[in-house]
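One structure coming up, written as structure tokens, with questions to follow.
Just so it is clear, A, B, C, D and E label the chains in written order, and each chain counts residues from 1 on its own.
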Amino acid sequence: MSDVDSSGRAAARKNLQAPRAKASIDVATIASISIPFLLVIAAIILGGSPDAFIDIKSIFIVIGGTFGVVMACFSLRDISTAGKVVVQAVFHTARDSSAAAVHALQIAEISRYQGVLALQQYLPGLASTGMFYRGISIAIDGTPGEKIERTMQRELQASAQRNTRTVSVLRKAAEIAPAMGLIGTLVGLVQMLGNLEDPSTIGPSMAVALLTTFYSAILSNMVFTPLASKLEQNSTEETLINTLYVMAASSIGRQENPRRLEMLLNTVLPPDHRIDYFG
Amino acid sequence: MSDVDSSGRAAARKNLQAPRAKASIDVATIASISIPFLLVIAAIILGGSPDAFIDIKSIFIVIGGTFGVVMACFSLRDISTAGKVVVQAVFHTARDSSAAAVHALQIAEISRYQGVLALQQYLPGLASTGMFYRGISIAIDGTPGEKIERTMQRELQASAQRNTRTVSVLRKAAEIAPAMGLIGTLVGLVQMLGNLEDPSTIGPSMAVALLTTFYSAILSNMVFTPLASKLEQNSTEETLINTLYVMAASSIGRQENPRRLEMLLNTVLPPDHRIDYFG
Amino acid sequence: MSDVDSSGRAAARKNLQAPRAKASIDVATIASISIPFLLVIAAIILGGSPDAFIDIKSIFIVIGGTFGVVMACFSLRDISTAGKVVVQAVFHTARDSSAAAVHALQIAEISRYQGVLALQQYLPGLASTGMFYRGISIAIDGTPGEKIERTMQRELQASAQRNTRTVSVLRKAAEIAPAMGLIGTLVGLVQMLGNLEDPSTIGPSMAVALLTTFYSAILSNMVFTPLASKLEQNSTEETLINTLYVMAASSIGRQENPRRLEMLLNTVLPPDHRIDYFG
Amino acid sequence: MSDVDSSGRAAARKNLQAPRAKASIDVATIASISIPFLLVIAAIILGGSPDAFIDIKSIFIVIGGTFGVVMACFSLRDISTAGKVVVQAVFHTARDSSAAAVHALQIAEISRYQGVLALQQYLPGLASTGMFYRGISIAIDGTPGEKIERTMQRELQASAQRNTRTVSVLRKAAEIAPAMGLIGTLVGLVQMLGNLEDPSTIGPSMAVALLTTFYSAILSNMVFTPLASKLEQNSTEETLINTLYVMAASSIGRQENPRRLEMLLNTVLPPDHRIDYFG
Amino acid sequence: MSDVDSSGRAAARKNLQAPRAKASIDVATIASISIPFLLVIAAIILGGSPDAFIDIKSIFIVIGGTFGVVMACFSLRDISTAGKVVVQAVFHTARDSSAAAVHALQIAEISRYQGVLALQQYLPGLASTGMFYRGISIAIDGTPGEKIERTMQRELQASAQRNTRTVSVLRKAAEIAPAMGLIGTLVGLVQMLGNLEDPSTIGPSMAVALLTTFYSAILSNMVFTPLASKLEQNSTEETLINTLYVMAASSIGRQENPRRLEMLLNTVLPPDHRIDYFG
């Protein structure tokens, strides 16, 4: 059961804020993605010659090659959408679904007892809720509930589809990067083997040949894979919260009893996040 | 919602053109497939001895071997169909489904108000729409709607099946190429190891042995895999658009109200591409 | 739609032959399976010392080991059935389903208008159609349609099951062969490493050690995998054609109208192979 | 259709024996599992120094490690059950389902015409049929058909579950063994690399390091994988036959007409094993 | 059928204890996870220089890197929940479902004949049953059966979800660890290759480079994989037992006949664990 229960209703109504602003950056994700990088960099620096790990040509082959193949698999628009989605959806804190449900019920209660126009004054406080803000805005304009639901449902599905697409792009990149690393290493090996006269160059040449494999292993396992997993998780949670918002905004548009809305929201909330707002 | 809404109807009708000609080559796909090649070639040339990367025998083993095994898995007809489909469906720009739906509605509206024979004059402008052109042609001949639908549905399914088959052929090739590369490299290694007397030949021999692996990695990851992914995507979009065309042409054949057709098209269009032509 | 339409009915009836004899060997499959072998053999011969690629002990380990493990996974009977199925079903040309359907309709038409006993004279011409021949034979004996259907259905399912089993055997072999190659190579490596005193023997010993990997890669990728894929395809097509034959023979046994049979056959035929025999 | 048809009924009834005794050991499975071992051993002996292939430490790491990890994944009871199931179910000849069905019908016929108590004298001959023996025993005791069915069904499901569990254990072992081999080889490599002063020890040390990989490849591919596959197959067949026995014993308990039982058995038998006992 | 049958009812009721306390640590799991470790450690010590196997930097890269990537894929809360679940659910003995069902029936019987308040005195004996203890506690408070069921069902689902999540975390860690091992080894190899002047350092440097692969193979195959498998199994069993407890506690809350409860419990118990308490 949620922490936010009916006992906190009065207090909550005074201080009617969206649960946690979406604009806040998810420090935990950024920190945890950084940990492996810092460890690898530390190992490189402790090893003495960090220069040996930088080779522009290899970086170009791995990053450019992965980018090219992934773009050929999808399209430039998919790649640029994926870039935006990663920035927006991966690095932002997911809100708590119980808190979002309670917040939506509070808004619905106000609308029920003071009329939908009274929501005008709460609108600025909703700015950070994205879809809910837009849903309430058109509800204030007098749009009927069915139309609100249709419009928001469409936005919800489009957003879910964008996320699914981006996960596909990231998984494809995680799959292609090692192949580009292998190709780069083979180029380096063939060049080295054709030039064995001076044994002193064998070591460094082979080191350079291995760099593409190294870069691609990092890209695939320390960047693309965690981003795809994280996005998949955040997408599930965002979809849940936006589904709650669609339900709430169209319920407000239909001027239904908020108690009915609570029942409806609970059918969608996971068992341990169900709410008990009206007791 | 689509950009092409009812406000543009008058303008659109004057200039009644198919949304984007299918004949246009998809420069983006070709460019993105080229990027990894250019990067690898640059790395080879910068390395100094590009000749070391060309070995006719190795090219024959990888390409010929992959071709043979894939042909044995499928049939010569499948391979040649796959070749045609790749040229036609991969390197051509997919049309926009909203625009195609609006365009089909325009044609349906003309047919409704001016009679189906009036479409005769618009037929040349439809030449680039493939299935729609053929559907309208037989509608003008007075073929009843059911027969138009059956004929076009058959063509649609046959085309979808051809694409699915081609994707299988490409995926099989992407799977077999590395195996042929390994076989070629083993041949080279065994030959080199049986001939170790002159140490100066070890390097070059081994370089040549690695070339089949190199070619096969390129073929599999930079050619077959992106082509298969791209085709899968384009096929989904073409099928959607052709489904719209089947609906439109058979609706014209049945002389139905275009408003009913719009509702029908919207059931098939993805949420963010639905149209609102009649307001 | 099929090439064989009603306009060719008169001509076809005169020259009533089964579409393409099953006895004909599929040259294309044999040729395409040979291509990779020829290329590898050419590469070996061009390399100068073909003897280095033959090692009886390695051949025994890979082929015998794969055979033993696959036989332990299945049973001796499965393996011998698989052997027969490969010879029969992989290397024989699949018939065209439209032609088979038209041919079956011709026979049904004759039976309808001249009586089922009139089929006696056409029976020798059906010898190459396998199941259809057996179905018509028992129909001439006066077996009722239901019994014909039950008997043939049983044969059809047994044959499909045999093919599925054989595909499993071939896929298992394609999976086990590389493992046996690895085991053989490890045996060779351990023997070579225990005997490093004479450096001149290292190369040849290692070459021999690699041969099991080489043989197993060839067996798995150039033999078992294409045979399994080909069989899967041919099996699908044979099942389709035999389903048509079951329908036709039991329709003849029930003395139904051939027009009804045509409709029935079209429900089973893929969209681009449907027939239009009675116009 | 089965070889055992109604024409053999009289003969069969005189000599009323269970089809093929379950106690007989499946020589074919044992032989085929032995073939790869014999080939590998022959290759080792022909190579001259079989001692180089025995290393107690490596055997302990691979077998003990795989055993420990698999036991941690499941439980000691699962492992010991798996051991028993492998001995019982893998190395015993599966009976023929048609013969088992005919045999069950013979017993049902006797029960029908001579009363269920008459089965007492045939009971010793059923000893090798396992579940059928137990079912007939409780039927003779006058247990009603429903109770017989419930009891036997429970035993049947428990046995199927035991087999499924054992297949999981074997597949897990086949998956874990190579990992233990890799770990052992890494231990050997690190030890060898830390001790490069005396070049003459490098070869033998590396040979020993490779032995864990060698053992694990043999364990995984030549023992666990075929045992799992074989058990899966035998389990399917045993379940089929025991299902027939459950049907027969409960039909006898209900004193139904054996003709009804035959129809029932045919619904479960695969198409090419259906029986035609009463003609 | 269960060992605990109706004949033991009197005895059992006197000594009314929860079947096997959950607090007991599962020695078998700990022992079996330790076996592979002990074997590897023994091999290392027998090899002479155990110091060569300890490298703090490598430990940091593998453990820290895996931790970081997994945390980025999930969230800090998921990881800490996973830690708790592993301690609680993996290393504790699963109870026997039959015994738990019989125990629940005994409590239900007491409640039926002595009233629900009589359970107060048995409550301390239930402390180790977790969910059942909490269910009976609220039943004593007079909570109606439906409310008990809803509350416990919610707890049950939340617990199952926590376990599923933890299995995902462990499987992800088992997948990521080898990648971090490869990255660490590549860092070591590049450093070694750039520093080949002194041949005597090559061996030890390469040994160190291999350590990350070694650590990651151990972490993945000897820790994460068995923990995930074990948890999956224990979770299935705990869910079964807790489902029994939910049924029993809500049946007590509804004051139903315990015979009805027995039937209900048997629908959920696996065939070979069904109970026969009331005979």
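List of remarks:
The rule is short, and it goes like this: a residue touches a chain if its C-beta (ideal position, glycine included) is under 8 Å from a C-beta of that chain, and two chains touch if they have at least 3 such contacts.
The model shown is predicted, which means the values in this text are computed figures rather than measured ones.
The chains that touch chain C as well as chain E are D.
Chain D is reached from chain B by a rotation of 145°, derived from superposing Cα atoms (nearest 5).
Of all residue numbers used at the contact between chain A and chain E, under half are used by both chains, marking a mostly different-residue interface. Chain B and chain E have Cα centroids separated by 49 Å. Averaged C-alpha coordinates give centres for chain C and chain D that are 31 Å from one another. Because contacts link each chain to exactly two others and close back on themselves, their graph is best described as a ring. Listed in rising order, the residues of chain B touching chain A in the complex are 1, 28-29, 32-36, 39-40, 42-44, 46-49, 52-53, 200, 202-204, 206-207, 210-211, 213-214, 217-218, 220-222, 225-227, 229-230, 233, 270-272, 274. Within the complex formed with chain E, the chain D residues making contact are 57, 60-61, 64-65, 67-69, 71-76, 153-155, 157-158, 161, 172, 176, 179-180, 182-184, 186-196.
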